[in-house]
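Next up is a structure, given as structure tokens.
Labels run A, B, C and D following the written order; every chain starts at residue 1.
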Amino acid sequence: MADLNVTFAGVPFKTPVVVASGTFGFGREYGEIFDLSRLGGICVKGLTLRPRLGNPPPRIAETPMGILNSVGLQNPGVDRFIEEELPYLKTLGTNIIANISGETVEEYAEMAEKLSDAGVDLIEVNISCPNVKAGGAAFGTSCDAAASVTRAVKRAARVPVMVKLTPNVTDIAEIARAVEDAGADAVSLINTLLGMRIDINTRRPVLKNNTGGLSGPAVFPVAVRMVWQVRRAVKIPICGMGGISTGEDAVEMMLAGADIVAVGTALFRDPFAAIRVTEGIVRYLDEHQIENVTEITGKVLLN
Amino acid sequence: MADLNVTFAGVPFKTPVVVASGTFGFGREYGEIFDLSRLGGICVKGLTLRPRLGNPPPRIAETPMGILNSVGLQNPGVDRFIEEELPYLKTLGTNIIANISGETVEEYAEMAEKLSDAGVDLIEVNISCPNVKAGGAAFGTSCDAAASVTRAVKRAARVPVMVKLTPNVTDIAEIARAVEDAGADAVSLINTLLGMRIDINTRRPVLKNNTGGLSGPAVFPVAVRMVWQVRRAVKIPICGMGGISTGEDAVEMMLAGADIVAVGTALFRDPFAAIRVTEGIVRYLDEHQIENVTEITGKVLLN
Amino acid sequence: MPVLTLAAVRDVRQLSASVWKMTLYSPELARPAKPGQFVHIKCGEGNFLRRPISVCNAQGDTLTLVFERKGAGTRYLSERRAGEKLDILGPLGNGFELRKGRYLLVGGGIGVPPLLYAAKSAESADAVLGFRTKDAVILEDEFRAACGEVTVATDDGSYGTYGTIAAPLREMLASGGYAGVLACGPRAMLRAVAEICAEHSVPCQVSMEERMGCGVGACLVCACKTREGGARAMRRVCKDGPVFWAEEVCW
Amino acid sequence: MPVLTLAAVRDVRQLSASVWKMTLYSPELARPAKPGQFVHIKCGEGNFLRRPISVCNAQGDTLTLVFERKGAGTRYLSERRAGEKLDILGPLGNGFELRKGRYLLVGGGIGVPPLLYAAKSAESADAVLGFRTKDAVILEDEFRAACGEVTVATDDGSYGTYGTIAAPLREMLASGGYAGVLACGPRAMLRAVAEICAEHSVPCQVSMEERMGCGVGACLVCACKTREGGARAMRRVCKDGPVFWAEEVCW
């Protein structure tokens, strides 16, 4: 069987398949359904310095082969996460990636410090949440802001730092270069595309928050394109995501340039999606007699 | 039955449903399938000053509830269009919207002048084609460039001018404001989102052009959001498009802010899509006892 | 422990203009299912999200679901035929907390079906069932068989008592002796039931609805605002609910 | 004049490891269909685009399609059962230009089926059919019934003549007397056929494949580069084709 080991930003992953932040909570629920040690890693629900209740419901709307969500970073705050959730997560035998959002650069840095001390494997810096007013995507749409968050987190963190990019920009490669120059160890992309659905009978947006983030298979071709663009722009490794639901999708994303991939929304349709994606990658590698999954990253042959 | 008449940028439309540029050729083919006078208008295939062969095939890739295309503005050039196609189009009893792309500002102006003389009803200025090297989307991603194309076309045109915006930008409202300030009579949106698919067996992009434009139901929530954002940013009317395939979708787009809507990719699945969309709008208006379709434009009630 | 399973459709029949009843063979779902729990059903290739539908009854290896045809997902379900299989995740959620004693079940419209299994599981139960109009009345015989007293009310008085469930509920609570009230129905009705129960100091459990993603508690989209000992919280309808203590819900 | 219609599936059966044959009842499609035309089929809710499949035969009110199971769309088709309906747009494209005289049909793999209807429609016809291997041979009996001489070739020599269709094609053309060659198959084969026909000065029509959108000629995605009297052009496989004169195609 093909070797799935990948060293990503210096961290060993036993498979290149992780689950995407916000779609997997802190692991407990899916842990009842399958063995979480089969995952390459878990990106936990986005954390903030203080607890957040998130946005009012409804927080989800269905779209053609996708969903909009407007959860708005509901979470118990970084301290309670470290106290109540991380000890459990550490027992799972998989990498734990802390996803952090701040309203200010200082908040990002403070969280990075706490989480480094607490011993997560990787920090994912979310500068791309479309569902919060302060911070969030505002940091992700400007090279300067993205770079300054990255620099601050890098100074504070003692574990590798991955910066999560938003697709809602004119030139994602430019932002990727800015965070690479600012010291990021890796980038992840894409976060959700900003979208809206309206109930034509009530005339009100389906989401109480009016707009939300689009994810799921619908966005897959956009995500592949962006991963490919970023691959050509930076040298640091990429965690590719956005609409992956099969092993074939994951292989496509890796050919475009992803070193590892994340599975998110697909879990809502198939709770075993991440496992099936992993199995699909193995099948592809074996059929094509590829020994190590790292051999396919970025290996698209342009026409 | 509800009244579907809309005056859009000064041009009377007997229904608010037009067909999107590039999905309907110059009308002849679908003219064999249904009565084109039932359409509010026809946006013809994108025209350029000189004939273009377009990009090499394959030019289409399927995606979850969408497609990528990379036609690359294949067209006979504006002169042959005026000579060979426009006379037929003018017999159809529906508005003819000429869609133009230039490599330079001057080319846009020259085409606008020729088409005004030839007597089209409206000119749609495509500054958002993702599939050509020179011009195209380059004009659509900068406020200054978008404004200067708009100004040049407005000076040359003697029919109303609608500017077609690209969704591949950080802030579409800003571009809309720039073209409004530059004198545009209307805006249309969205053109396609840049995307990519890779054949994992050959490792080559499915499209010979490597990347292409995403359209179809997958993009609908992004299009609704952008129409809503633009509606709040400008006063000029909006032709909304992107993934519309049912009357309900059209109503949703109009509630978000569209004065008229265009149906494109949905035609590939259902050649009667534009007619069914029109019928669906009527059904909605009648059920909700709304007398004139213009009453719903922009009438979303925010939460 | 939810399972993901292919359940065999045994029967699909129409109960009213817009309501269908589906019987499934599925030991994995039927055996562990508790009253108030739900299942999360994949509705074909065209609908991305699963649809949550409450357990209406579970007997042996057979699961019964009753649903209203609202949009594309429930339309898909209504068009299934015996012999087909459905991809179902479940049973999910907490379900009603049933102790000893007599329960009063209060259902409104499509909120009625989930109470049937509760009626069968309780030591004893009465029911107040509200519907819009006579043609919308469903499952009356089943409730009469499973309950002591059953009052049917219609908003337009075309069948049973005239008006909402509020008056019959007040009356029956006044007669006393209920261990608790279990309610399911539109939010406005649940709120009214909660208030009436509070007036009568009867413990009330309500089954809440919210749009769902994962269905298992991981994505946090199905939020229900609650207060617990003064503190505000967002709880998950799919995991912490769908059944909540009425006094904890921020209406 | 293409129509959009619901055609009733009469029969679906497997011809080889990866090839299926589907029989449809549809007067609207079968009656006007000409050899070399195709139909554009909606393949369920999960596949956005229609799939183009050539007419393999049309007799009375019955249309026969033969297709290879490649991906999700053709898998969907292979799973249809008698009695179901398919949403089909057609017949589409130009079809072969058939005059008087004897035609030589040259098919490769899944390019073989469209030639069957041509065989039946021509005044007289011979055929050279190429397949990868013995197990991939399909429709041999049907061609033997409809044609004069039929040569089957397999790449690995496991059945019929050893090698590609090139050698038998050369031989048969050398014997002379053909009004034209009609070819369908992989692009490389078509190119070889075109060259051989040019050597023998026999008019050759080739049926081209390209990924499609609308199927009716409106979207320009199905381009085939051609030269017509020196000028380069992009022609539409769905409308100007799928059949082109071999010498016009830029290979």
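Keep this in mind: contacts are C-beta pairs under 8 Å (C-beta built on N, C-alpha and C of every residue); 3 or more make two chains touch, one makes a residue touch a chain.
Quantities reported herein were computed from a predicted structural model and do not represent experimental measurements.
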Target subunit D, source subunit A, minimum contact steps: 2
Chain whose average C-alpha position is farthest from subunit B's own: C
Chain centre separation (subunit B, subunit D; CA means) in Å: 36
For subunit B paired with subunit C, centre-to-centre distance based on mean C-alpha positions, whole Å: 46
Chain centre separation in whole Å, for subunit D relative to subunit C (CA means): 56
Centroid spacing, where centroids are CA-atom means, of subunit A and subunit B in whole angstrom: 33
Residue list for subunit B, restricted to those that touch at least two other chains: 61, 63-66, 216-217
Residues of subunit C whose C-beta touches two or more other chains: none
Arrangement of touching chains [line / ring / star / complete / other]: ring
Each pair of chains that touches, named by its two labels: A-B, A-C, B-D, C-D
In the complex, subunit C residues that touch subunit D: 44-46
Touch list for subunit A against partner subunit B, complex: 61, 63-66, 68, 141, 168-170, 193-198, 200, 202-205, 207-211, 214, 216-222, 224-225, 228, 243, 248, 251-252, 255-256, 284, 299-303
Complex contacts: residues of subunit C adjacent to subunit A: 1-2, 4, 42, 47-50, 89, 210-225, 232-234, 239
Touching residues on subunit B, where the partner in the complex is subunit D: 22-25, 28-30, 32-33, 45, 53-54, 56-67, 69, 71, 74, 206, 216-217, 265, 267-272
